[in-house]
Every structure is written in structure tokens, then in C-alpha cells.
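Have a look at the structure below before the remarks.
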Amino acid sequence: MPEVVLAPGKSPSEAARLVVAMAQRQGQGLISRMSRSHAAAVKSAARASGMSIVAYSTSARVMRNDFSPEPMAGRIGILTAGTSDVAVADEARMVAESCGHEVRMEADLGVAGLHRFVAPLSAILDWDADVLIVAAGMDGVLPGVVAGLVDLPVIGLPVSVGYGAGGAGQAALLTMLQSCSTGLVVVNIDNGVGAGAAAVLIASRAGEAGSRRSRPARSRRASPGPAR
Amino acid sequence: MPEVVLAPGKSPSEAARLVVAMAQRQGQGLISRMSRSHAAAVKSAARASGMSIVAYSTSARVMRNDFSPEPMAGRIGILTAGTSDVAVADEARMVAESCGHEVRMEADLGVAGLHRFVAPLSAILDWDADVLIVAAGMDGVLPGVVAGLVDLPVIGLPVSVGYGAGGAGQAALLTMLQSCSTGLVVVNIDNGVGAGAAAVLIASRAGEAGSRRSRPARSRRASPGPAR
Amino acid sequence: MPEVVLAPGKSPSEAARLVVAMAQRQGQGLISRMSRSHAAAVKSAARASGMSIVAYSTSARVMRNDFSPEPMAGRIGILTAGTSDVAVADEARMVAESCGHEVRMEADLGVAGLHRFVAPLSAILDWDADVLIVAAGMDGVLPGVVAGLVDLPVIGLPVSVGYGAGGAGQAALLTMLQSCSTGLVVVNIDNGVGAGAAAVLIASRAGEAGSRRSRPARSRRASPGPAR
Amino acid sequence: MPEVVLAPGKSPSEAARLVVAMAQRQGQGLISRMSRSHAAAVKSAARASGMSIVAYSTSARVMRNDFSPEPMAGRIGILTAGTSDVAVADEARMVAESCGHEVRMEADLGVAGLHRFVAPLSAILDWDADVLIVAAGMDGVLPGVVAGLVDLPVIGLPVSVGYGAGGAGQAALLTMLQSCSTGLVVVNIDNGVGAGAAAVLIASRAGEAGSRRSRPARSRRASPGPAR
Amino acid sequence: MPEVVLAPGKSPSEAARLVVAMAQRQGQGLISRMSRSHAAAVKSAARASGMSIVAYSTSARVMRNDFSPEPMAGRIGILTAGTSDVAVADEARMVAESCGHEVRMEADLGVAGLHRFVAPLSAILDWDADVLIVAAGMDGVLPGVVAGLVDLPVIGLPVSVGYGAGGAGQAALLTMLQSCSTGLVVVNIDNGVGAGAAAVLIASRAGEAGSRRSRPARSRRASPGPAR
Amino acid sequence: MPEVVLAPGKSPSEAARLVVAMAQRQGQGLISRMSRSHAAAVKSAARASGMSIVAYSTSARVMRNDFSPEPMAGRIGILTAGTSDVAVADEARMVAESCGHEVRMEADLGVAGLHRFVAPLSAILDWDADVLIVAAGMDGVLPGVVAGLVDLPVIGLPVSVGYGAGGAGQAALLTMLQSCSTGLVVVNIDNGVGAGAAAVLIASRAGEAGSRRSRPARSRRASPGPAR
Amino acid sequence: MPEVVLAPGKSPSEAARLVVAMAQRQGQGLISRMSRSHAAAVKSAARASGMSIVAYSTSARVMRNDFSPEPMAGRIGILTAGTSDVAVADEARMVAESCGHEVRMEADLGVAGLHRFVAPLSAILDWDADVLIVAAGMDGVLPGVVAGLVDLPVIGLPVSVGYGAGGAGQAALLTMLQSCSTGLVVVNIDNGVGAGAAAVLIASRAGEAGSRRSRPARSRRASPGPAR
Amino acid sequence: MPEVVLAPGKSPSEAARLVVAMAQRQGQGLISRMSRSHAAAVKSAARASGMSIVAYSTSARVMRNDFSPEPMAGRIGILTAGTSDVAVADEARMVAESCGHEVRMEADLGVAGLHRFVAPLSAILDWDADVLIVAAGMDGVLPGVVAGLVDLPVIGLPVSVGYGAGGAGQAALLTMLQSCSTGLVVVNIDNGVGAGAAAVLIASRAGEAGSRRSRPARSRRASPGPAR
């Protein structure tokens, strides 16, 4: 499991130096929670070292050109309740892709209108995901609703989006902890990296089995954060 | 709006005396949160005074035999997420019926399986409810989901059912406060009486209008807590 | 019910673009919680597109010139305890007016001196409001006092004004949740949009009935935030 | 200022022994928060020692027959929002009377209907109180409303009556702390003894002055908890 | 996934009736959080119906004699920090065994002395577990320490054992949420059933793969709570 | 009791305009919680209008030159635990002086070394104060210690100085609420204005009495914040 | 460091059996938080096995007659703010005495009246204590005051005595955490055993040094809880 | 014990002036929680006065050239869980070194991989430390694990590093308070100065004894923050 550099508390140049050094040493370097100046510094440091970057909202993966993660057989589905949950969900996507698993993400499923999430959820199930990560802020309802509908392990990822009482993610966290939907587990508020790492461990073993089942062919769908 | 005697902190005989006196004075007397001994004392005091009782889980309405509330034109729908939410929801039903409104209650709609709540919700909408009360403990998800599907005012009623972090109703309350579903308002945890009173005020004006629309005939469906 | 663009987290130009696009598509676009630079960007984008703006403190409604909401028969009264509660209350006013309801707002009623709120409250009742929204920060006392005096549904709107223990709106929220005044329901701290939406749903049915009663003629009183 | 025996955590006989010994030594002994068995034990121990008792809800004052507190010139008004606040308010009354001050208590003023508290409040002001104690549970609104209407120091006494969020007295405490009414200070939840002691200190100096003003004659009104 | 009857709030006879009916209908019936009288009632009702019981601390599984769960290939390891965490961990064991998975539980690993948990942890890893559940109260340290040492998904199960600040399981929950050990996810305090259900879903797919690897033969080790 | 303009949320020029207008109308205008730019704007606006200013840390009193408050006979002592509590204590001093009472303030008494506070406390008692305000942040210990030593009403004023758990004034507030020292009442965190107003009301009546006792001559000691 | 049996959650006979077995094995067995029936069971089990008991409020030490702890050179002073803090402080005394250190305890020093704690504190310092444990509930002020006066390490031991806001020991804990007195460290609420154990470790090394200084002769003062 | 100037709330020049004046008066001056501009101002003021500085992350010790603290015999070990805990731990190191004790600090021991902390912990024990300070943010696990392995007093120092629920140091504080490892005491979040002062008091007496044991020679190891 690759380490992830946490940008806050580090200067842009220091953060960029760390992640590029990690990529030189291990093939890839991961960084999360970047400000715009962090992102710019990482981009320019990677270019200066002849490396490529895969961008994931406020996170990024810097890779040596001779490196690509060993492909794994697991499939990890990621859903978000709103567009403001995508940056945190993207941390999970980055970790999962850095470990060689296939990832499919569907953003902004909402809950207020049930019709909005039926189609993307079905698509992810048809694709034969091994585990789902469901990110949600505000009332944090989506992970429980999804876990109530599927037979897969679901990792609830509360996001610090909201306002007033419980608005820094606590309401979302408590909702997920209180859910009685089968198979729902949670990580801390905004812990996209942790959700991704847990999903990787779950998918790794499951994938071995899955790869022997008759799975649909590997998805061609471009991931949301293409290489810059 | 009739007053409601709060049983806790009063001896069974004192509580029974108060509610019967209220019924003698005003035609009906309401009491909530009774223990079994409160309920027994109220029942025997009512009988001794020749009055009838309508039972609502842990609440009750004592009535003089010459009394019935003036019929109002409003229709109040009450939904509960689980069976353990019924006693609190029944406080709301008691208040609404004591004001002469028509009430229809559907209990145990769940949320984990969406199929469970579609039919009863449709039935309540076909019946042309003016306002909905939705009671839920645990993760308190149901009121937001319902409010996202209907065009009616919805009163979220959090119930102190759950365990662990947020389990005394706080998770349910926060979930409802954070919901972005249109038209959802809330009352305090376990405040069935308050939810009922608010619904009565909303339904009273709406009912006048509704009664001039072509509504389905008044429901014959026996209310869940028949007179003992 | 029109959607509302939430300004925080969006750049001024992005927010302006979104709300103007919404207005072009649907006739009107709503935006809330604008900083001064958001407000300036929205104003200039609206002008560039030949649209008009109705300003509501930190919120605004952008309208195509050929658009006006279909008039509804409901009447929504809005009261605030202090002047610092007006910006949040104005979110509710915006939503209500965007739905075609008539709105009347009385700001800064206080509570310390009872005399200050008797006259404006009477005026709103004489005007035959269908529902009241009462916004209050600090100790959040006003909504309960009002609900104790009137026979209307009252939506308590806690505002994050205060200091020290409970000063971010929690004291106001708890006060409203604990109130035993009949018919008081609440929304989350600073959720003016939610209060407005709930009031619209309540007023919509009530209005039909109200419009058949002998109501005083439609108020000519200019709304506080006139079109710029 | 006399000490007060706190009954909880002591056996009825131990508590009774302590308070009677205190009365033998100092003329009077005070005890608070008695259960029924504490009260019975105190009553019988006092009788056995030939002492008299003044009962104050769950508190009591045991006095040697040759003892009465030196009369002081202060006047302390006590108001309660509901009947369930009386036991805590009575702790304050006991302390004040044990120090020789004149006390006048008006219970159950409510707030929902303003008319209910105007008359008793006026009576207390006409009586020329030096300081007011105002006890309230639930939303704790009364102390702030009273402090907004009078020119006297007001001690807010939050009471642990309520339910759900903030229902153990926290909502009442926060409401009082957030109140912007002039001259309102608070003590901890259920701290009737502390409120009484503070009122005694405030009244002691004020009383000297008051006794030289033309005050109405000393009230004859029997105090609510007469000697048994 | 079998439903679980929650004993609290139900009378012993009612709880017994429900779980036996469930067993008659589905082959097995599960019940959790039994008091001693619940346990006695369930035992006698099961015997009266000719059913067998598997006891799990305060939980139990009632089975028709013609029923045994279809064997699954998954292996679920359960660890507890102390003996007082066993009852909650046993809920998870019951759910896992009711779904046909193989379970191995090691109790009282402690943390204060590292030597205490090395051997049982190694044994569970050698046994080739697919997922671990680690239950801990007090400071809740064990799940993070274990997750830092193994490459498996770990479900942290906080238990309401402790005292003082954070002692009702909150400290344990927060510790697990804050852990930076890879692959740790959590469920709510005391939610053994939820932990078990999530482990079942994780193990189900993994087990298929595992069963094709060369696993050590199925353990003969008697489970801690043998059939009565 | 004069109103106090609260600077935060107002622009420097707006705040300056308000307080000067208040002074023109009523003789004096008070303002609290000024930033440096607020203070500069107030100073220049007062000068431009030919008014004088009395500075109190982050608060100020603007006075018409023909105005001085009617002298009152009360004496208000103010103590602070540390130098960082002075700005909040100075709000209370401003209010008290604006009402014509005599004020004496002793700052930085500490508690760690008892010797530090004995002398200033004795001086204040010799001066015959009618009421004490004691401001303290961090552990908030000083008010309780003082109240345990004197026979005067003491108003505890918690200050938001501290760090870590309870460091925003909550520890100080709780300490004061839990104190069992006789006669201690509290106001909200940082509510210097409220503490001053309550002290004024307490001192007003007491002062009448005090002025007839043989008090030491009116102190000549310059107040800490002299007119600029 | 001897283990301590925690009585709650164990039946009296089970607890008695455990502690006697521990004494048989190791010479002494310790038990804490006993109810009266636990204490009775332990007493009778010890007698039946011919062992002696040293009682410490709700704790006890059972000893084989051939056993006494190896004497250590450390001296541990224990102070309590009130009599209700003694049971928790006695847990610390038990642990310290079981390790062979000399202990001196002074109970009920209060804080309201400074005179009450000067003499016992001086006595403990003259006795040349190596470390102090100071137990306090309510506002928890004593440990900080003591630490401000002495040059010794002080362990603050918050006790769950109090009421209302912060009354379960949280106010005491926060006060100690916020104290700026030099050398004050804390343990969790009611954790007398932990305080005792930490004091033993501190005293063990210090004692070696102390024993070479000219210490006053070993105290003869009977410890408060003599052998029964 | 030297006083420490707290930089926040003071201007850089004011802070620099205070700490240099303290050094001139007492030989050394300490300052903590400096921003970069504070640090620059202190450095230049010290140079201007011909003094030397020892830098400790965000803290510093300014010394007259003719001054060095009297050497003490105590040995204080400091461990940190991560690199982000070093600044707070360095406050403790500064205090300890300013008192003349020998300090040895090992940073970034982690916990996830046990192997990482065995070697540095052994080294500190071999060095014969008298007391350990263990700083940790996030889940705060390290102090309890260390205290469970050693026979020394351990001071847990929670650090405000983390995110989401409990992320401002509360999780770390609660974990340490709930730990059942022997001999663990705590200070408030980020209170490095307090941890250092307590360690000094513990080490002072212990050191006398230690210096008579056969200790390894005084460490030559350069301290992490060398004189600039």
C-alpha cells in the first residue's frame, strides 16, 4: 500500500519535493489535500523530473514513466451523494488505482430523488464490483440506502460538507454509524485515503475469486481525472 | 388545542385524577408517556366516572360520553420507520384525532428495502393528506427520503431509539436537520405531541381548501388503537 | 420549488455563470450566501445578459425579463428578533417570493421589551398570514413566544449569532426544540432556504382556502430588497 | 450563611442525624434533595428531638424551638416557569428564609401565554423586591423575559426538566447564558441553594437601603410550605 | 443474512416467541442483548418446540433440528482486547456462524503487554483468515495496532466498557476513527451484529478465492459458546 | 442602562457613526470588541464631532463634552486572574462607569501563588465594594476562591483564554458553575457587558445603603483607561 | 504493581473468589468499586480462607497472613477536597500501600476557606512527601491550588461528584487540564487506581534518594481504613 | 522553574522585548508558539543584545552569555509518535533543558509498525531515563503502549494533529485518559510546557538517587535544536 503525502502543513515546494522523491524511489508518489499552490508546485516539479501526473481533484499521483502498478483483479465502485463529495472520494480512487485495482466512480447520485441513483447503482452492480465506497456529506443518507439494496460490503465515507448543527461531517458520520443496513462500515470524516486502503484490502482477495467468475470485460470508461 | 398531561413524575392516581378532571371539564382529557401502572389507573378512573378511553400505545384520550371533537376537514398522514417508533408517533395521532382531523398511520416502512415504503406512501398520497409526520429513530433517514419524494410539508419526528454514538435520538435529529429535502421541518426528539399539534395547525387551513377539492371519501379504516 | 445556488466554495464568476444559466433555462435563478465579490459578479453577469436582479441581503434572484412567477394565494409572514438575523430570514423571503407567494417581513422585534413586538405581530395577523417564519439568534426566544400567542404554524429559524457557550446558533436551536409552545417546528441553524421552502408548501394548500376567505387586499408594501 | 446537608448518597437515618445535630448546634439545620424516605426519617428524628420542621418540597429546615433567624430587611422574589420547577426554587426559598429575609414566591408563570405572568410579576414589583430568582426548565425562556422587563438583578435558575436534545437543563442554561436582557446572571442547573445564597448576599445590603424607603408592610401571605 | 431479534424493550416471553417463530419459519432464529430472564425464556421456549440453542454470551441462535446453515468458504477471525468485550464480539460470531462461515475467536489479547497478543494473532493469520473483527473498549487501541501489522481488512468494534471521560465507548470509537493504520474500518459502539454482517459480506467473495488456495484444514477447535 | 454598540460585523466607519450618533442623542455612546481599525475610526469620528473618549482596552465610551453620568453611590470591584482577561473585564468597567458608579479594578491576581491576590483583594474589601466581578480564563478558578473568602455577591466572568480541551472558555465557565462557594453567579463567556450591567443593578440599591454607612472617601485612584 | 479486580459487572461471590485466589497466589489481592454486597462477600470469603482484610472505603486489600509487601522508601501524600472524594482517593491509597510505600492522607481540605487546607498541606510537606495525589470533584480547583504552592509533582484526580453542567466529573477534569500551575498532571475521572500506580512509579525512584536525606521518622499515624 | 512567554496574542517586537528582558534579569528567557515573524524578531533582538539562542521548533530559549543552568542529575526521555508532534514535544525539551536536566528525544516512533519503536525505546531505557514524555496526536496510542512496556512514570502529551471526529487532539486525549497502562498520567492537548515542568519535578528527586546508581556516562548526542 503506497504512502500518501499530506499536503497541509507543508510548503508547496517541500510537498512537491517529497512526492517526487517518493516516485523516484518507488515508481509512484501520492499526495492529498493540496491547495492550488501545492498542485502547481507538484506539477512543475514532476515535469522537471520527467514524470507524469494523474490528477484526482485535490490529490495527485506522480509516476515515473517506466512505472505502472501491477494490475489486480479487484473492482472497486465509488459513489458520491453530491458533487462536493468528489474531492474526498477521489482520494479513495487514487489509492485504489495506485494499487492496480479497477475503479469506477459515479458522482452526484443524490437521495432526494430516488430515480437519480438507480441507474448508476445498477451499472456498478452489473460491472460486478467487489466492494463499494459511498461518500456523503450533509445528512449522510446515501451509504445506508445503498447498503440496504446491495449484497456487497459498503464503506461509508462521511464528508465535512454541511452547516449548522452537525454540519462539519458529524451528522453524516452519526447517520452511517446508526444505520441498520447490512454490511455498512465507516471511516472517519474526510478520510478518503483510509476508505480507499480498506477497499483495496477487501478487493484484493475478492478479486482472485472474481477473476475466475465470468466478469464483464475490463471497463474502457475513462477515469474522471485523466493524466494531464 | 387540548392540553396533554405528562405522566412521568406524577403518581398513577394523581395522573388519573388530572386527566379525568380535564375530561369532565372539557369533554376530553389527554395523557402521554404512561407506564403500565399509569395506564391501569387511568383506565379504572375513567370507568369509575363512566367515561370511555381511546388508547394510543403509551398515551390515552379519556372522553365524556356526550363528547366528540368537532370534525375538521384536514387529513394528517403519519409514517414510522420502525415498530419501535409507534409509541411516539401515536402521541401525534392522539393530538390530531382529539382536534377532529382525520388521521391515517402507516407503521414500520423501513428504508433498507425501498420496496417496503412505496406502497404505503402512495396510499397516503392518494388519500390526499395535507401534511405528513414521519417518525424515525436510529439513523433517522426516512423523513428526508419521504420529503424528497412528495410535495407536502413533512414534519420529521426523531425518536430516541438506537445505541452507541448518537443513539439517544441525536443522530436521527441531526440527520433530519441536515437533510436537503424540500419542506422538511423537525421537532425535538420524542416530541410526538408537538409534531401532532403542528400538523393540526397546518392541516386546519389546508383542510378548508382540501374539502372543496374532490377528495376520496372519508376513510373507514379503523385507527390502530381502538377504544378499550 | 426552484433550486438555489450555494455561493461558498464557488468562485464569483463560476457562481454568476451558474445562476444566470439557471435563469435563462427556467426564468429565474436563485443564489444564497454571497460574499461581496459574489454579489458583484452576479450583478454584472445578469446585466450583461439583460436580466434583472432582486436583492435579498446576501442572496439574490436573477430573472429573465419575460418571467414572473405564477402568483399563488398563500401569505407568508417573516419575523426576525434582531437586525443580524435579516440575512438568513431574507433567504426564506427569496424562496417564498420566487414561488409566487405574498411575503411580509418585520425585522428586529426583539424580546427584551415586549412592547416592541406586539404591533408588528398584530399587523401580520391582521394581514391573515397562513404561516410564520421567525428567525432568531442568541437565546432564540422569539419563535416560542410568538408560537405561544398565535394559532398559526410557526417555523423557528435559528441563526448563528451569539458568543460563548452555545453562541454559534446551538442555544437558539435548543431553545426552539425545547419550547412547549404549540405548533412550533424548526429547521437547522441558518437554513433560511429550508424554512422558506417549508413555508411555501404549507402556504400553498392553505392559500387556496385563504383566497376564498375575505382577505384584506394584497399588500402594496414594497419588499425590503427592491430590484436594483 | 447556614450549611445545607445534601441528602443523596446518605442513608435516611444518617441524613436525619446530621441535620438534627446541626439544628441542635446552630439553631437550625437545612437539608435538600430528599427522597420520601429521607423526608420521613428527618420528620421523625426532628419530632423525637422536640424540634419543628418547615417543609420546602424536597428540602426542609429543622429548627430548635427557641430559635428563629434574625430578621433581615431584604426582600427576595422567586418566580417559576412551571410547577415542576418548584422543588428547585424551594431550595432557594429555604436558604433565603433561613437567613431572615422576606421571600415571596409565584409559581407556574409560563411564557406561552403572556397574560399568565403579568399579574404575579407586577405584584412582586409592587412589593418592592430587591432581587428576583427565576427558575425555568425546558427552553428556559422566562428569566430573560423577566430581566428584560424589570430594573432589578435577576438570577436565572435553570432546572433539569425537559426531554430530547438539551433536555437535562442544558437548553435552559444556554438560553439564559445567551440572553441579552440586562442584569441576568445564572447559577448551575438545579442549584437552588446557590441561587438562594447569592440572592441573600445581594438583598442584605440592598435591604438596609430598602428598609429606609417607604416599603409596603411586611407581607402576611403564608409561605407555600408551612411548618408541619 | 438472517434477521436478529433485539431483546431489550421486549418481554422475555414475547422475545422467546419471536425467535422461535423465526426459527420455525427460516430454520434458525437469532436474538441479541438478552438479560438472564430473556435467556431463560428463550431456552425453555426452544426446548418446548424441540429446537436446539447455540449460546453466545448474551446472544443466542435457536435452530430447527433439521437445519444447518449452508457451509461457506469464508474464514472470519475475531479478537477481543479484554474479557468484557466478549459479549459484543459474540454477537458478531453468532451472525458469522449463522451464515455458514468458519469463525475463530481469540479473547483478551490486551495491549499493555505486547507479548500477550502476538501468539493468538499469528495463529489466526496462519489459519488464513479473510477478515478480522477486533473488539475493544476503554482506549480502543487494539484494532489499530492489529491493522498496522496485518494485510487484511480489519473491522474495529468499539465496546462501551470504560469510565470517566469517553468511557461509554466514545474514546474507543474515536481512537479507531483516528487510527492511521491501513485498512481499518469501524462500526458503531457495541454493534457486534453489524460487524458480523459486514465480515460475512467481505468473507463471502474472498472465501471463494481462499477455498482454491491451499488452506489449512477446517479447524476442529470448539467454538467458545457450545450448544446447551 | 446605556446600549452598547457591538463592533464585529460592522465596518469601522459604520460603527463609528453609530456610537457618535448615540453620544449626540444621549450624552454618551458605548462600543465594545473593537479591532484596531474600529478604534481608530471611532477616535477620529469623536474628535471630528468635538467629543471626548474614555478608552477601555478594546471598548470605548464617547461622550459629549457637556455630559457626565449622574453619580451613583454604588461601588463595584473588578478583579482579573491574568492580564489577558483585562479586555473583557474592561467592558464591565465601562458599563459601570457609564452608569455613574465608582469602579476599582485590580488586574492579574493569579491563583498559583496565593500571596499575589491577598493584598489587592483586601484593598477592595477595605474600600467597601458592594459587589465584585471576577474575570478569569484558563481554569477559571479565581472567582470561586474569592467568593469563598468574602461576604459579597460575586459575578464570575469566564474569558475565552486557554487551549486544548475546554480552552475556549468552557472550562472556566464550568468551573464557576460547579463552584460551591457561596454567592457566586455567572454570565456567559466573554460577556463583560452583561457582567457590568448586572453589577450596576446590584450596586444601585446597595449603594443607597452604603452611602449612609461610614465609607472611606471616594477613591482618587486614576482608572486604568484614562481619557485620551 | 498488583492487579486490581474491578467489582462492577461481577457477582459478589465471583468477585470474592477472584480476589481471594489472587491473594493465595501472590500474597495479596486488591478489589475496587465494591457495592455493600461485594464487600460482605469478600469479607466472608477472606475469613473462610483465614486471610486478613484492609478496608479502603469501597475498595479492599485481602492478604495472606504470611504476607506483607516489601517496604519501599517512597512517601505518597493524598489530599481530598471533600469527604465525597475519599472513596476514589482510597483506591490510590490502597495501591500505594500494597506496593510498600508509606502513605499519608488528609481528607476534606476544601477550598472555599483557605485556612482549612494550609495546616494539613504543611504537615504533608514537613513529612517530606515525594509526590502528591489531590482528589477533587465539583469544580476541581484544589489540585491546581496545591500545585501552585508546592515544588512536588502533583497528580490531579478528578472525581464524579457534582451536578448540572459538567457535574459528572468533566468540570473537574477540564479545570485540572486548564490549570497553569507547575507540575500538575491528571488521570481520568474516578481513576484512583491509576493515580496510585503513577504515584508509586514516581515515588519509587525518588524514595531511594529521599531515604538518604534526613527524613522525619516513619509516621505512626493510623491509616484511615484499619484492618477489620 | 522558569516562566515561558506565550507568543500568540503578542506582536513580534513585544514578544521579543519580553523574552530578552527576562533573559537579562534571570539569565535565560523562554518563549513558545512563535510564528515565523516572532522567531525572526526574537533572533534579531537577542543578537542585538549579544545573547545566544537555543531553538526548539516553534519555541526558543534566549540566554545571557554568562549564564548556564545549574546541572541537575535527572534524565528525561521524550518520544513522539510522528514528526508533526515534534514542535509540541520540543516545548517540553526546552523547559527540561532550561532546568539543567539531561534530555534525550526520539521522534517519529509510529505505532502501526511495532518494529519502528522498539529500538529507540530500548535506547532510552538503557540510558536510564527517570521519566518519559510521550507526545502523540491522531489516535494517541503511543503513550499507552509505552507505559505498558516500561516501569517508569509516563506523561502522555496529546497533540492537536488529526482530522474529522476528535481530530483536534480530543481523540488523543481520551485515548490516554482511558488507557489502563500502569503509570500513565496526562496533560492538556498541546501543553508541552506543562509536560516538561512536571517531568522536571519528577526527575529532580529521582535524579539524586539515579546519580548514585551506576548510570551510563552523560550522553554526548547533540540535541535536535542546536544553538543558532
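The letters A, B, C, D, E, F, G and H name the chains in turn, as written, and every chain counts its residues from 1.
Keep in mind that, in the parts below, contacts are C-beta pairs under 8 Å (C-beta built on N, C-alpha and C of every residue); 3 or more make two chains touch, one makes a residue touch a chain.
Small disclaimer: the values here were computed from a predicted structure and weren't measured.
So which chains count as neighbours of both chain D and chain E?
Where chain D and chain E share a partner, that partner set is B, G.
Superposing the C-alpha atoms of chain D on chain G takes a rotation of how many degrees, nearest 5?
Nearest-5 rotation angle for the superposition: 90 degrees.
Would you mind working out whether chain E and chain H touch using mostly the same residue numbers, over half shared, or mostly different ones?
Answer same: the two copies use largely identical residue numbers here.
Whole-Å distance, chain E centre to chain G centre, using C-alpha means?
38
Taking the mean of the C-alpha atoms as each chain's centre, how many Å separate chain E from chain F?
60
Out of chain H, which residues touch more than one other chain, so two or more?
Counting only residues that touch two or more other chains, chain H contributes 164-165, 167, 170, 173, 177-178, 180, 182, 188, 191.
Touching pairs of chains, all of them, please.
A-B, A-C, A-E, A-H, B-C, B-D, B-E, C-D, C-F, D-F, D-G, E-G, E-H, F-G, F-H, G-H
Inside the complex, what are the residues of chain B that reach chain E?
Residues in contact with chain E: 84, 163-165, 167.
Which residues of chain E touch chain B in the complex?
My answer: residues 9, 158, 160, 169-170, 173, 188-191.
Sort out for me which residues of chain F touch chain G in the complex.
111-114, 138-141, 144-145, 147-149, 162, 164-167, 170-172, 174-182
Please name which positions on chain E make contact with chain A in the complex.
These residues of chain E touch chain A: 1, 130-131, 151-153, 155, 173, 177-178, 180, 182-188, 191, 194-195, 197-198, 200-202, 205-210, 212.
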